[in-house]
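There are two complexes below, and they share chain A, which is joined by chain B in the first and by chain C in the second.
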Partner chain A sequence: MADSILIIHCAEGAKKALARMSEEGHKLPPQFKTFELPCTGSVNEVLLMENLQNGSAGVVVLGCQKENCKHMDGNLRAERKVARVKKLLSEAGVEGKFVEMIFTAPDEGKRLHNTLLEFSQAAEAKGKRK
Partner chain B sequence: MNSTRSIVAVLCDHQCSPNGPVQASQLQKRLSESTSIDKLIVLQKACQDQEKKLKNIAGQKVLFAGCPYLEESGFYTRAAENLGLGPGEMLVTDVKSSIFDLYESSETIEDNLVGRLESLGRLLADSVAVKEPPVKLKRNVLIFGSGLSGLKAALELSGEKLSVDLVETEDQPVAPGCLAGGLNAPGQIEELTEQARGSEHVAIFPYRQMGPIQTVEKGFTVSFDGAQQREYGAVIYAPERIEAPAEEVGAWNLTRLYSRIMEGHSIKGRIVFILDREGETAPEVVRDVLTAAKAIKERSHAEIWILLKQVRVALPGLQELYDLAREMGIIFVKYQALHLKNDFGDFQIDGQDPQTGAAFQINKPDRVILPGRSGLSQAAVQVANSLGLRLYNDTYTQPYSLWRLANESNHPGVLVCGSARGNMDASGVAEDAASVVLALKQRLRGEGIIPVEHLASVDKDKCAYCLTCLRVCPYGAMVKNVEDRVAQVITTACQGCGVCASECPAEAITLRNLSQESVLAGMHKLLFSSI
Partner chain C sequence: MIVAEQKPIQEILAMLPEHKKVLVVGCDTCVTVCLAGGEKEVKVMTAALRMAPKPLAEVTGISIERQCDGEFITEISEQAAQCDIILSMACGVGVQMMSDFFPEKPVLPALNTLFMGSNEGAGYWLERCLGCGDCVLDLTAGICPRTRCSKGLMNGPCGGSENGKCEVDPENLDCAWNLIYQRLKSLNRLDSLMAIQPPQDWSKSHDGGPRRLIREDVKL
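After this line comes the complex of A and B, so read on.
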């Protein structure tokens, strides 16, 4: 649980991207857990903080591409909130935890896989340095 | 899920952690007053061989709270195995890993922890999703409006052996049939009316006999001509769209032109349509104009001018109509400023080209067509008000830009169909009538209608009337309730994206089947499953 990474994704483009990723045969390491919300716009700071507090190493918010959100600007709202949480974390001096926002198109299975793997590798490296 | 089982909170008295500010004894005192937790057990150092003690609580729902070390040592997994707990019967929370511990006093942490435990306890108690109870309704349907949509819906419903009462509006549009049905589907209205009159399940009443609509417990009642009240399980609101008369003397509006074409008059000479005169003409009206122009060209050798400020192709099929009109030799002229001289029907048009600035003139056109503002008749507005339907500019039951809304209105049992939802052509109306019939059948079967899975709702006591939700809602589904000073959800417009719930500063908005607590608990379960 300590090094688990939570992916909060929307039920539209990001869900399709994840499905596409597994269809293409790219498997995520077991520490990745996915959680679905109707839109990334419904993410708030409490959700992100609570997850970090509950022991996950990081939270990745996975939304549709910019200007492609079904609910108009839900992904941009999520981006703002992620930025706010990032700022809070850096102000509090918290190390070894990260929050990130990724925008993905439904057909970018491989790119998404690579990006997510980079995250987990970076988190692992941080953990070792500690 | 068996809800009769009691909820046991197990708290580890984690004195072993170096700066543990939360005293288990204090927590115990406060949690014993909590209503959502039935029993509280405090373990001294749960990490050290306490599973025997837990065997007493096998078969209950358990809520664990302990230091992060408990997870690392695998205590929860062992406990879940020993007690035979499934994923929905056990929740875990961490009392010590708050990243804000440094900044908060121990009382705040204690408050937080008690709050969290209580909310998780409530979640364990009833994690069953909300379902609307099935409704048994009268198998009678009232349809207001005898246009294309109303007639189509009535005939389809009578095929389902539902008895239908159709209300004919008195102030019908001048054209035989509504604007949508008139030229798009010639003769269809008459054919359908005949069929409806012949059907034994359909009764037709004129609007002037109709009394006020009253809402009763399971439907609606109306009396016709002072006779006995008739009961209905549902009302379909399908009024026809009517057009205001042309403002200039001697000019025609579209309805008049349509009726002339339908009556078989041939329209000859120089005919000028003027669009965008007062603001932008809606693209649907442009489609009506193009359809009419095409119909005139097909029937006679008229010279047709269409004056407009901007070409709009926003509606599906409009581009094809434009291309077809160009092929047929209809002249499109863009204008910047337009002056209409009217000497009792003798027109002279002075215009200016927007690009070159050159002036142009059209002398003595034989006919000037000025499309009027289209909307609902007074009777239709009255009925909408008595049904509790919200109208936008007395025209549509939905905001102009929203096309994907359901037929079901905010008011249970009232369905909206056809032109009242927005401007449609004949095929659009037919589709709409079919979807209304489907929705109604579903409703009468007792399945109830659930517009979206995660419908937003506002807690009136918490709402601060700051109107943040009105600003952030992408669908305009939030409105002001001025009397109660709270925000209100238009349930048919809500798409359940949850933006309002996450932005609401007072946390007054919750989503159905997706409260903040359940989301947090779901994430909890997810993280817990990895141990």
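After this line comes the complex of A and C, so read on.
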């Protein structure tokens, strides 16, 4: 089975988008795992790095749309932490791992499904090249 | 507190020889508060070193209360004995203390130690004390001109002070002498400014070599 991809999502807009995706019949491949936080603002570098180190090919942080975070700016804080981890991975020369931030609205089930599939396909291609 | 920042990961990786067991040691005091070398940063560093392509035999991480204090360093003697190299995430004091306690192990610095300062808000630290050994804060209403005046003037302000800002960085840097003036004014102590301050006695500062403080009254 392909390496797992962890989706860390908030309990607001992102959770609703994932539910919408499922209601619309868009299924994710089994390598996707999910982990819910009240808000993506509580994502930290340790959570991201340790998940990657413990076997995840990638971590996707899924937050509310910009300017629509229920907790004001939690999604923007998450975006900065994701950027910091991306920079660290790149500077350390880590290959075959990724971390991404996605902003989504509750009614974007199909778009979200397509985006997540692109991540899994990219991760799979990287895995094959390793 | 002592303020430090992490060295770039490439620099840290370049310091580490291949195929060695690395023990990453954090410090739970100053560098934890400035988010550079505490328990969380040790976890992130450990994960990064484990995933980096550089072949290291083993990477483990631990954090202790204070690396500038021998009684806490001895707590990790066992872990230190099992590693080849120690990567210290403490300030320069901690790195040197670790070297003293584990002389048979190379101890490498993961941080650049910057200054003694305060936390001014999320992600913002400001230098406030040079450790010059000759404090004049009684004369300057609790604002250090040696540290916070860009020119270290003892009789300021200079001609580069405008609208309360320093000419060195007018957008971000307050003129220390303007702050001193405003504070003394509010304390009704402007007369303090009339006295000309003599040049500083730098013999009490670092230039005479490493300073020591010995107190006979607390010796055992």
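As a convention for this text, the second predicted complex is superposed on the first by the 128 of 130 C-alpha atoms of A that agree within 3 Å, B and C clash if a C-alpha of one lies under 4 Å from a C-alpha of the other, contacts with A are read in each partner's own complex, and residues count from 1 in each chain.
Quick note on the criterion: a contact is a pair of C-beta atoms (placed from the backbone, for glycine too) under 8 Å apart; a residue touches a chain by one contact, two chains touch by 3 or more.
Keep in mind that what you see is a predicted model, and the values were worked out from it rather than measured.
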- Counting residues of chain A in contact, which comes out ahead: chain B or chain C? B
- Query: Of the partners chain B and chain C, which touch A:6 in the superposed model: first, second, both, neither?
  - Reply: first
- Task: Check whether A:42 is in contact with chain B, with chain C, with both or with neither, and answer first, second, both or neither.
- Result: first
- Message: On the A-aligned overlay, A:56 touches which partner chain: chain B = first, chain C = second, or both, or neither?
- Response: first
- Query: Between chain B (first) and chain C (second), which, if any, makes contact with A:91: first, second, both or neither?
  - Reply: second
- Query: Between chain B (first) and chain C (second), which does A:73 come into contact with in this model arrangement: first, second, both, or neither?
  - Reply: first
- Query: Is A:30 contacted by the first partner chain B, the second partner chain C, both or neither?
  - Reply: first
- Message: Just to be sure I read the superposition right, which of the two partners does A:120 touch: chain B = first, chain C = second, or both, or neither?
- Response: neither
- Dual-contact residues of chain A (chain B, chain C) 44, 46, 49-50, 52-53, 89, 92, 94, 97
- Query: What residues on chain A touch chain B, complex-wise?
  - Reply: 1-2, 4, 6, 30-31, 33, 35, 37-39, 41-44, 46-47, 49-56, 70-74, 77, 81, 89, 92, 94, 97
- Quick one: which bits of chain B touch chain A in the complex? Just the residue numbers, please. 68, 71-72, 93-94, 97-100, 102-103, 453-454, 472, 474-475, 495-499, 501-503, 511, 514, 516, 519-520, 522-524, 526-531
- Query: In their complex, what parts of chain C are in touch with chain A?
  - Reply: 8-10, 13, 40, 43-44, 47-54
- Message: Please output the residues of chain A touching chain C within their complex, sorted ascending.
- Response: 44-46, 49-50, 52-53, 88-89, 91-95, 97
